[in-house]
Amino acid sequence: MAFTLPRYTSPDFNSPFLLTAPPAVFERVKQAAVAPEGYHATSIFPEYLHMSRGEWRLAAESRMDCVIVLEPDGSLAVKEFRHLKVGDAVALGRRENGEDGIYVHSGGFELPSAICEKFAFRTQVSRETSFSIDYDELYELLDYERENGFILWVLGPAVAFDKDARDAFTAIIDNGYVHGLLAGNALAVHDMEGSLFGTALGQELYSKTHAVMGHYKHLDTINKIRSIGSIEEAVGASLISDGIMKATIQKRIPYVLAGSIRDDGPLPTVIADAYRAQDEMRALARRATTVVAMATQLHAIATGNMIPSYRVMKGGQVRPVYFYSVDMSEFATAKLADRGSLTARSILTNVQDFVVNLERGLLKKCRSNAG
Amino acid sequence: MAFTLPRYTSPDFNSPFLLTAPPAVFERVKQAAVAPEGYHATSIFPEYLHMSRGEWRLAAESRMDCVIVLEPDGSLAVKEFRHLKVGDAVALGRRENGEDGIYVHSGGFELPSAICEKFAFRTQVSRETSFSIDYDELYELLDYERENGFILWVLGPAVAFDKDARDAFTAIIDNGYVHGLLAGNALAVHDMEGSLFGTALGQELYSKTHAVMGHYKHLDTINKIRSIGSIEEAVGASLISDGIMKATIQKRIPYVLAGSIRDDGPLPTVIADAYRAQDEMRALARRATTVVAMATQLHAIATGNMIPSYRVMKGGQVRPVYFYSVDMSEFATAKLADRGSLTARSILTNVQDFVVNLERGLLKKCRSNAG
Amino acid sequence: MAFTLPRYTSPDFNSPFLLTAPPAVFERVKQAAVAPEGYHATSIFPEYLHMSRGEWRLAAESRMDCVIVLEPDGSLAVKEFRHLKVGDAVALGRRENGEDGIYVHSGGFELPSAICEKFAFRTQVSRETSFSIDYDELYELLDYERENGFILWVLGPAVAFDKDARDAFTAIIDNGYVHGLLAGNALAVHDMEGSLFGTALGQELYSKTHAVMGHYKHLDTINKIRSIGSIEEAVGASLISDGIMKATIQKRIPYVLAGSIRDDGPLPTVIADAYRAQDEMRALARRATTVVAMATQLHAIATGNMIPSYRVMKGGQVRPVYFYSVDMSEFATAKLADRGSLTARSILTNVQDFVVNLERGLLKKCRSNAG
Amino acid sequence: MAFTLPRYTSPDFNSPFLLTAPPAVFERVKQAAVAPEGYHATSIFPEYLHMSRGEWRLAAESRMDCVIVLEPDGSLAVKEFRHLKVGDAVALGRRENGEDGIYVHSGGFELPSAICEKFAFRTQVSRETSFSIDYDELYELLDYERENGFILWVLGPAVAFDKDARDAFTAIIDNGYVHGLLAGNALAVHDMEGSLFGTALGQELYSKTHAVMGHYKHLDTINKIRSIGSIEEAVGASLISDGIMKATIQKRIPYVLAGSIRDDGPLPTVIADAYRAQDEMRALARRATTVVAMATQLHAIATGNMIPSYRVMKGGQVRPVYFYSVDMSEFATAKLADRGSLTARSILTNVQDFVVNLERGLLKKCRSNAG
């Protein structure tokens, strides 16, 4: 059963209630980065603003906890508070049913009843939940998205700690399933330490023996990349000859390495400013149709915050955005899954096994499709 | 690199210290199930008793936290306190270096230095430890043990909750990698509910949809097996036609289902008495050369308590016993790994993925060996 | 604000639907310990059976996953399957709305809307949930129950590992807040090792230094109690002169120590047979009005299984039964809280701190009430 | 038993081995932010450099994973790689025993043998470790440090989620036990939402009822503070009239709010640049004599990275720096404790209970000292 997109149904703007709804109200920003009193904050759902009698306009590239700005060209921009400029026209109103000229459309996608029921029990996902169907559906989804969507991966450093996991994710990149990558300094350092020295934090990737002076391997990796100037140059010079960063760069996949206070180094190309990093991440998030976040609370929650439940494709088609989080702890996945979205799924396991399983499932499909 | 048994080196009984050691002292039990003051308690290591000048005798089927009884035939039995009978001759002495005629030989196996170093860091096993080599070594080990050893599995109920995991473990049984099975009532009930109704606790195994009146599936399963008389009869009558219990019974694999206060039912053949269950478990534990405990703290710790670090094979050869524990929580695996043994390993992951990976790895080996 | 019992409202048996409901149907047991096809299984809620036109009878001492037997004296006994005798009259029917003459009354208690709302979010209880109000309400509740109810405690061994926690729980017993105690062999052994040697598993309770030959302390404790005959005799002889078991026995508090396959020893008075242990536990569970389960999955789930959401007091008053579970892991408390009951609460913390906080809160109340 | 500082013993520089050690070698930085090949990386221990025959100089304000720069004034600065300037003289050498003119002194503090033994088992800290002595020692320590040291707190947002915890930590500040505070945007936002609306993320702090339009409370808080200009101005204008931030500002306690990609807003005074935030954090870390990190992996690990095991006080006295981490998960505390330092301790519990217990313990001491 190949994956098919669920159909999207627009709100019935001819319903009496919406027909008589007032137009949305906008107020100008008076102080930079401060929203006017009574601003409307966005959700993850499609939001329509009543522009003029009968014309409801969809905010196209949305995310939660932002405000809607009516741009001079008539489009609706979903902006973080910190990006508000004096004079921006911000939508006001906190009722989501149209009474303030704003309609939040949380039920637009026709989902099979099985999924709805699953949703009812979503919060009970635990290590004892059976995940066979989630793997199978994910294979189908990623296969579809490889051709038709934009698959954004969010990686914690643990993906680079294990030989099989690092190899598997590299193969997933090489086979076209990665369109964007979000991570931190540590993922890139560990991965390149693997290429330079065959170790991660000084421990051999496969044998786990501790290299002599192993604790220097980490710092030497950073120092070497700083010395050569960039990860791209290190790959270009074949200094970095295998692994996740090399595959990413050779496939010209856009990536963001966001800085954090936990970083050593950092590597060049890591973005020091957390909010500029958010902006770069959101540039990829706007394009994402499926997100897979693995073994990182910081980057996964940061990404989850900026991923809406839908995307407007070229031609205006509205489709869902899928969000998978993979982690070992119920606490972490509950935080991530707590988005009230039918399209968020959690898998509780060690990311090493997840990636290895995933690669096998995807590549078996590749072969059977080719055969 | 195929698996080879590490060589065992007996203690040097000609060392001056051991040559002058006194003979072991035994004292008779005066009150049933009570050891005499000053009793010696066993460890997981090979223990030798100085019987008479120069003759050191090895306690053959040992386990920790028991006492050593000199049997009338001259053999040394390692007995639980509760099995002590009035008149039993119990070894006394708490020094383990020979001074009391007892020598605990903790360093008998020549282990590669890599493993020793790993051991040094054993307590630091976490979800971020790389496990590639552990999987590979486990494939080699189980392949060896299938022909030459006795592989004892300890299963938590979660193995039966997921379709792929249940299928994978059934295949592992069918391919000869299971020589004994320890579990509780819940594993057997969930597994047979899967065969009877396609559900586990009322939820469909694969689709996860909740069956109508689903909460009755669990109780109906127990009631049906009680009605037919035994799991064996249910399998014989083809009432139970797939899954773990069916494969176990058809392959005539010895198994113990130990009762617990958490049980519904219980199923027939579940052993109600915790200590009789321990005895039955130990009967299999005495034969085990490798133990794999998955997703159960109760049964895993119970089994771990009765598994020594070595086994004396026919012909007198002493070989190590391997103990793997698989769990999602550092807390659980730390409890299990805390045995001071070089041959205990932990893998932190979801047992579903572990079993699926394992089956793939083992069966790939099968095919490549056959090819 | 002192605690007050929520009022119970019986079902409206004059509603047209219930007035026309058929009488409950009973079928005789033909095979011991096997329920007749179509048996009705109980829930945690009050269940009424339609006995004859207009007479609905409440099953008084209920628990989930059992069957209802019409006793010769006309009362309704809620029995475990394994206790069914040939000839027992078992209620049939799986519809809970009266259509089968069975009415399951899940909404009998008037709960403040705040609690209902909290219930809606109950599954989201995590380590980041604020627990101030839960502590305060628990102080009020236990104060009320000390005089008017039956407080049943379920203890994991960790309560005896820490000096302050052990002292605090002993004070809670001494001050009358404990009416029944459920635990396992380990709790009693660790607690009495504390009294005999000042250690737990060989580690000094307060300083945490490892006693010389410390690993023998545990076995010596068991052996000594087995030698003297019983915990009661050990307390009577002042061999055990402080701690939880001593306080329990001196206050003549009924307790059950249920055996498990993980046990060393066991101590005398530990019940070896898991299902006889269940029976003894249920004898206390029938009387319980509040249950507090701390740091034990095995005993907490076992107890939770046999605790209904209500109790019928002398005089026929129906009141709720409160169930608190305290554990470190979301996984464990989710399993425990998953009872669909408004009166189940979870607190996520280390049981050491919980007990210490609780004792302070309760005794401050004692003093202020006395003052 | 009041707290006393353990004595520090300098290395024996008259030992033949150190007497014949070569002088430390320095090499100039040629590329900004890149260390010369063979650089020496610092540890958490006191490190002495052999400057000229017989003169060993201690690097005074150290931290791990940095390089040692010989400043023009002859002092030794411990610098992050990214701060290296062309021309800086960086110490070379990777042997720590003096052979490279560098001596790492890991055994300088005379610790009681009990602590050393505890250290041996440090990695086994779990939820079942007894923590009574750790609390008591921490009360003594903080009491000493209030007068004689610099207590630096690292706070996760959960401290502000619970009424009692928030009140307790505010009291700890008011009583002088807080000399510096490190946190993120979320802690400050949640805390001030508590003051403005009595909620945290829209849920009432005490009753846990969900406020109407509750999800706006968080964003409104940020918007309001951005509008008024700074947290200081909000406190000055009595807009923020209780809680952690108010107490911190009124006591003129230095604090750093480090930005992260997970932030909403952010609040003004949150430092956007991760590495400038590191610099500000390290400015406080240099002064710290005790650090307590609660319920935050990101900030706790970031701080741990920059905290050495010792501090050189005015007058040249070398004293230890204590590092406590409090968290719910063995995984998190193991990561934090894994510093190889005798002075790192972990307490596994819910930070709410920890703070409440701590405040009670500290203030009881206050009163008894005053009495």
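Each chain carries a letter (A, B, C and D) given by its place in the written order, and its residues are counted from 1.
Assume contacts are C-beta pairs under 8 Å (C-beta built on N, C-alpha and C of every residue); 3 or more make two chains touch, one makes a residue touch a chain.
These numbers were taken from a predicted model, which means no experiment stands behind them.
In this structure, the chain pairs B-D and A-B differ in their number of contacting C-beta pairs, and the larger number is found at A-B. Note on C-D: across the candidates A-B, A-C or A-D, the interface recurring with over half of the contact pairs conserved by residue number is A-B. Chain centres here are Cα averages; for chain B and chain C they lie 32 Å apart. Rounded to whole angstrom units, the spacing between the C-alpha centres of chain A and chain B is 43.
Residue numbers of chain A whose C-beta contacts span two or more other chains: 127, 328-329, 331. Residues 123-124, 126-127, 329-331, 334-335, 338 of chain B touch chain D in their complex. Those residues of chain B whose C-beta lies close enough to touch chain C in the complex are 31, 33-35, 39, 41, 65, 81-82, 94, 213, 215-216, 219, 222-223, 226-227, 258-266, 272-278, 281, 297-299, 301-302, 305, 328-329, 331. The residues of chain A lying in touch with chain B in their complex are 114, 117-118, 121, 127-133, 135, 157-158, 161-165, 200, 203, 205-210, 328, 348-350, 352-354, 356-357, 360.
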